[in-house]
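Next, two complexes with chain A in common: one pairs it with chain B, the other with chain C.
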Partner chain A sequence: METVEVTRRSETAKVVRQAKKRNMRKVVTISLFTAPALIVYLVYVVYPILSTLSYSFYSWDGTSDKTFIGFENYVQLFHDAIFWTSLTNNAWVVITSVFVQIPLGMIMALMLFAPIRGIRLFSSVYFLPFLMSTVAIGLLWVYMFDPINGIINQLINFLGFENVAWLSDENTALIAILLVVVWQFSPFYMILFKAAMVGIGEELYESAEIDGANSWQKFFHITFPLLMPTIVSSSILAIVGSLKAFDIFYIMTGGGPNHATELMGTYMFKQAFINFNMGYASAIAFIMFLIALVVTILIQVIDFNRKKKGAF
Partner chain B sequence: MKKVTALLSVMVLLLLAACGGNQGASGSSGSGDEKVIEVWHIETGEREKLFQEVAKQFEEDHDGVKVKLLQTPNDAYKQKLAVSMSGGNPPDVFQSWGGGWLKHFVDQGNVQDITENVDQDHYLEMALNNGTFDDKVYGVPLGLSLDVIFYNKEIFEKYNLEEPKTYDEFTEIIKTLKENDVTPLALTNKTKWPGAYYLMNFASRIGGPDLFESAFNREGRGFDDPAYVEAGEYIQELVKMDAFNEGFNGIPYDEGRGRQLMYSGQAAMMDMTISFLNNVREEAPQFEDKLGFFVFPTIAGGEGNDTQVGGATGPVWSVAKESKDPDLAAEFIQALTSKEAAQKFTDRTGTLAAVKDVVPEDEFVKQFYDVAQNASHIQMPYDQTLPPELAELHKDTTQALFGLSMTPEEAANKMEAKAEELLE
Partner chain C sequence: MVQSLRKMPLYVIGLVLLVFTGYPFVYMISTSLKDQSTFFERPFAIFTSIEWGNYADVFQMGLTRYFINSILVSVAAVVAVMLIAALASYPLSRMNFRFNRGLFLLFISGMMLPIHATLIPIFKLSQNMGLYDSLLALLGPYIAFSLPISIFILTQFMQEIPKSLEEAAKIDGCSHFGIFWRIILPMLTPALMTVFIYNFIHLWNEFIFALVLVSSPENMTLPLGLQDFYGEFSVNVPGLMAALTLASLPMLVVYLFSQEKVVKGLTGGAVKG
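What follows is the complex of A and B.
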């Protein structure tokens, strides 16, 4: 009796070992297949992030010897008024991206489905801004915002209002650029929403109609809930994109006047390549990374909970 | 599993090694016997053409030597050079403006000492000083520019105005122009340095030309000197008088919208470097007939006078320490700054040469030459003399003064605090 027990035990152990071996082989195969991508990821993403973190503990101008200063860069950063301005400005970019760009993109996508004559033309017209290069857009709007001869001020004059200095005025510069950002990126979300809307089954609307639902009800009970995954992924794109924003601001104002449109990105750039404070710039870069990481995780968690409740 | 990780780490290491050990694109590693001198600069148009001619001549005179010129626009150039210096991969010869920016690289030990290679008497002393640190020459100047106030003669005649000598006459002119709906002064201050000229000029006129030297070298006076505060007050007075075009803090210089105001007669005056003449000749040749200039007016009771002018050197040529053949590179920058090249430079580009005894043929440029000859002091721009971080702060605070978002005391105190931190 006892011997039987022993052999059985050794047999199960054997099976387990074999399974382990098979598993091991799988791991090797999978690893080999993912190796190229993994290496690129490690070298170009993970390694720079880690080295940025390590630079941020040094006082370093990019060429001469580094001096280790611990958390001093971070302490200085939290007392740096310009950094706080840039963080606030980034927050404004995030807010407009999520609460203006995405709804606007959705509205434009909805309009493209409306039975209006010649709407197809609009689908290309709406999309045009997104196709232009950011540098071209920046320069174009800089000319349009010209305080004296710009077309926008001439229009304003024509309507009987006083000139606005737009990009030159600390109070209006940020709003002016945000306007351009919205103009440029809404079409991107429009395309995402349009693709998602095409995927919503016609039969849902038909049965809703039979039940006597009106257009608003159809939107709020069918379209909107089914667009939720797209809204979530758009929000992640919008938020992370806004935190990393740089190009259009750099071109249109360079962060000025008097840091009124400074972003973490432009401030980091200035510290690194104009003031040659690589260590300090690395600290800014790492904070940017942390914020983006935390926000992304937060959204994912919220989305996960939403899905657990049985939503789409 | 262990094997896989080991394999992966080896592969990563190999990749890193491949990245780290790159040979570098630096010029001198030319194939065979041919020596290559790589030259980085920012100039376009006539200036670039002149460099090409000098390079060609140099190649003819030196067997087996090739000169590779590489032009990059201003802002991109600054980053590109900084990155190549830190990568240990710089060109043999590079352009700068002298001053603090060049000194930054000198302090890092990236610039070749060329005191032995060049004849110091060949250059104007005030210009050469800008590339000389601790009595060692690290850069030689080719060009010299001045900062003056250009004006539209036609508009001045129309309203019976004359070139002002004093600040009071200057403000009278501004008032007259305002009354006649002409913008008195065109200003393109997005770029920040055009406005900084006002601060430098006011400070020099009020506190004398030694003020900056003293503050910079920490010899008694500081950047919070009463003269700097007063200079800020003068700037804000002009802003409050509406002396400048609307929205000046958002208008860049390079794109030309500020110059457009001058060409079109919307604005009557503009404080600018003499390179403006070159812009006029390229963009609006017919405007040259109306173009006149005067030096910054004097201020009653101030320590400065009108023989002290603002100016800048550029291009300034230096040899990188990493250059494979520094002597040959030094020879090339001497060719670039030879008397012959300097004469061509001044005659063809409408600016002054930083080389002695080069008299411009052009009538207009001759007037600049006279100003420079009679100058008792030439003030190099602060943003080129100060270390980069302080230079940026100087421009930022000045822009804020213009935007009325900072008081003169605040700006001066900020500057002084940073100066105490960065300057010894």
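What follows is the complex of A and C.
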């Protein structure tokens, strides 16, 4: 009786030991597989964000000693008119992306299915802008918008209108750059919509046709509702992408004239690497991070609720 | 006749979009083939004069160096990313463990991250490591910021590989690494292709890290070099257009030869199937 008990106990111990050993091996395996990615990610993403947060509480020129000033940078930031201008401009980029790029992308995608000749060539060309590097796009359009020799003003002259200064005029600079942003990114949304449209069953249109629906009715009652998930995901990409905008603005105007095209990104860059206000720049950078974080969480929550309600 | 009249609006929209998307390219290439005086006198002329001199100038200004730098750093970073991301995606998509979900979210949340939030610390880090103003300084951030989308694409793909395959291998005494290397990795090829194209194009065009971490011309990548050209060439518009054309050429050529792969790669993960 007792011996049986002892053997059983030692057997349980053995099983537990084996399970522990197996568990240890599993932990080691998982660690080895994820370690390279995790190390790179911690060093170049997680640690820098925490450092940015800590720098934002100091007054610092990047080389000499830091002085702790608490929330001073943030207080200054909230009274900084240029910061509010840049925040507004970022909002404009978001609005243009959602309300111009996405509809245009959808129109371009619809055109790809249009029963007209040469559409294969059209579709190849439509995608081209998205392939060009942002720096090259910026420089190309800087010259196209040139006040004197730019092709756009040449055309305006040719049609008998006055020259427009475009990028050097506070009133037109933002619109000009936003046009370029639309030019660059609409093809991306075109592809997203095209993929979604390919997925819509032909039989839906056929039965609608039998019921006597015209093209508009088919679009508004079949295509558009079925594209809703793509519209939502495109909007998410557009919003998150717009908050990160930098390259094209930096290249085309550097945020000028007189901060008319300043973004949080360009303002942060100037404060950090031209004025060497590293502490202040860190505060801007951390605000950018917070905005992106809040927007992402909001989108997730809204998306989750929408799905719970059974919508798409 | 009636049929083709009804299609007129479609042709008009199609052509307007064609001019909108295509004309800037025509302008860039045709201007790059003009000499200075033709550029000023006949701005609208397309391909009436073919002048290769601007391209020779651009090569003399050292564009080749920027090309080589861009290729080196993009290829090195992308190859590293493919390996590191594939390794990490294996347990994330095929093993149950406690922090699986948290770790996955930590990685993919990097997709929404504004680079600016890491810029100053990475700049200081590169100085402290003695890497500032070298291509090596770019490698770390390039790999790190390519990881989120790569892990996202690869985990999605790996989840769909049937479990039975590796269970058979496990019975045969294959280790996890053996399963990964011999079974999973060969099946990943299409996903790795997407990862390669997406990241290569993004890194080829990357600007802000290069702007902050590199300062001397011999270490500049193509986007940074182009911006540098802008300063020197500001009065020689055809010369700058030649540089822009050359810089855009590799992507355009690759696109011409494998449209579908490039489109799928560039929209990485956003388009399913």
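What we mean here is this: the second predicted complex is superposed on the first by the 264 of 312 C-alpha atoms of A that agree within 3 Å, B and C clash if a C-alpha of one lies under 4 Å from a C-alpha of the other, contacts with A are read in each partner's own complex, and residues count from 1 in each chain.
One rule holds for everything that comes next: contacts are C-beta pairs under 8 Å (C-beta built on N, C-alpha and C of every residue); 3 or more make two chains touch, one makes a residue touch a chain.
Computed from a prediction, not measured in an experiment: that's the story for all the values here.
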| item | value |
| --- | --- |
| Touched partner set for A:Met288, first chain B, second chain C, both or neither | second |
| Partner chain(s) touched by A:Phe273 [first = chain B, second = chain C, both, neither] | both |
| Chain B versus chain C as contact partner of A:Lys244, first or second or both or neither | second |
| Partner chain(s) touched by A:Ile151 [first = chain B, second = chain C, both, neither] | second |
| First (chain B), second (chain C), both or neither touched by A:Val43 | both |
| Chain A: partner with more touched residues, chain B or chain C | C |
| Partner chain in contact with A:Phe188 - chain B first, chain C second, else both or neither | second |
| Chain A residues contacted in one complex by chain B, in the other by chain C | 27, 32, 38, 43, 47, 62, 139, 142-143, 149, 273 |
| Complex interface listing, chain C residues touching chain A | 7, 10-11, 13-14, 17-18, 20-22, 24-25, 27-28, 39-40, 43-44, 83-85, 87-88, 90-92, 95, 97, 103, 106-107, 109-125, 140-141, 143-145, 147, 151, 176-177, 180, 201, 204-205, 207-208, 211-212, 222-224, 226-227, 230, 237, 240-241, 244, 247-248, 251-252, 255, 259, 262-263, 266-267, 270-273 |
| Complex interface listing, chain B residues touching chain A | 1, 3-4, 8, 11-12, 15-16, 19, 78-79, 82-83, 85-86, 104-105, 107-110, 189-190, 192, 245-252, 255, 257, 260-261, 266, 388-389, 392, 396, 399-400, 403, 405-406 |
| Chain A residues within the chain C interface of the complex | 26-27, 29-30, 32-34, 36-38, 40-41, 43-49, 51-52, 55, 62, 107-108, 111, 114-116, 118-119, 122, 124-136, 139-144, 149, 151, 154, 183, 187-188, 191-192, 195, 233, 237, 240, 243-244, 246-247, 250-251, 264-265, 268-269, 272-273, 278, 281-282, 284-286, 288-289, 292-293, 295-296 |
| Residue ranges of chain A touching chain B (in the complex, touch as defined) | 24, 27-28, 31-32, 35, 38-39, 42-43, 47, 61-64, 139, 142-143, 145-149, 163, 165-170, 173, 253-254, 256-259, 270, 273-277 |
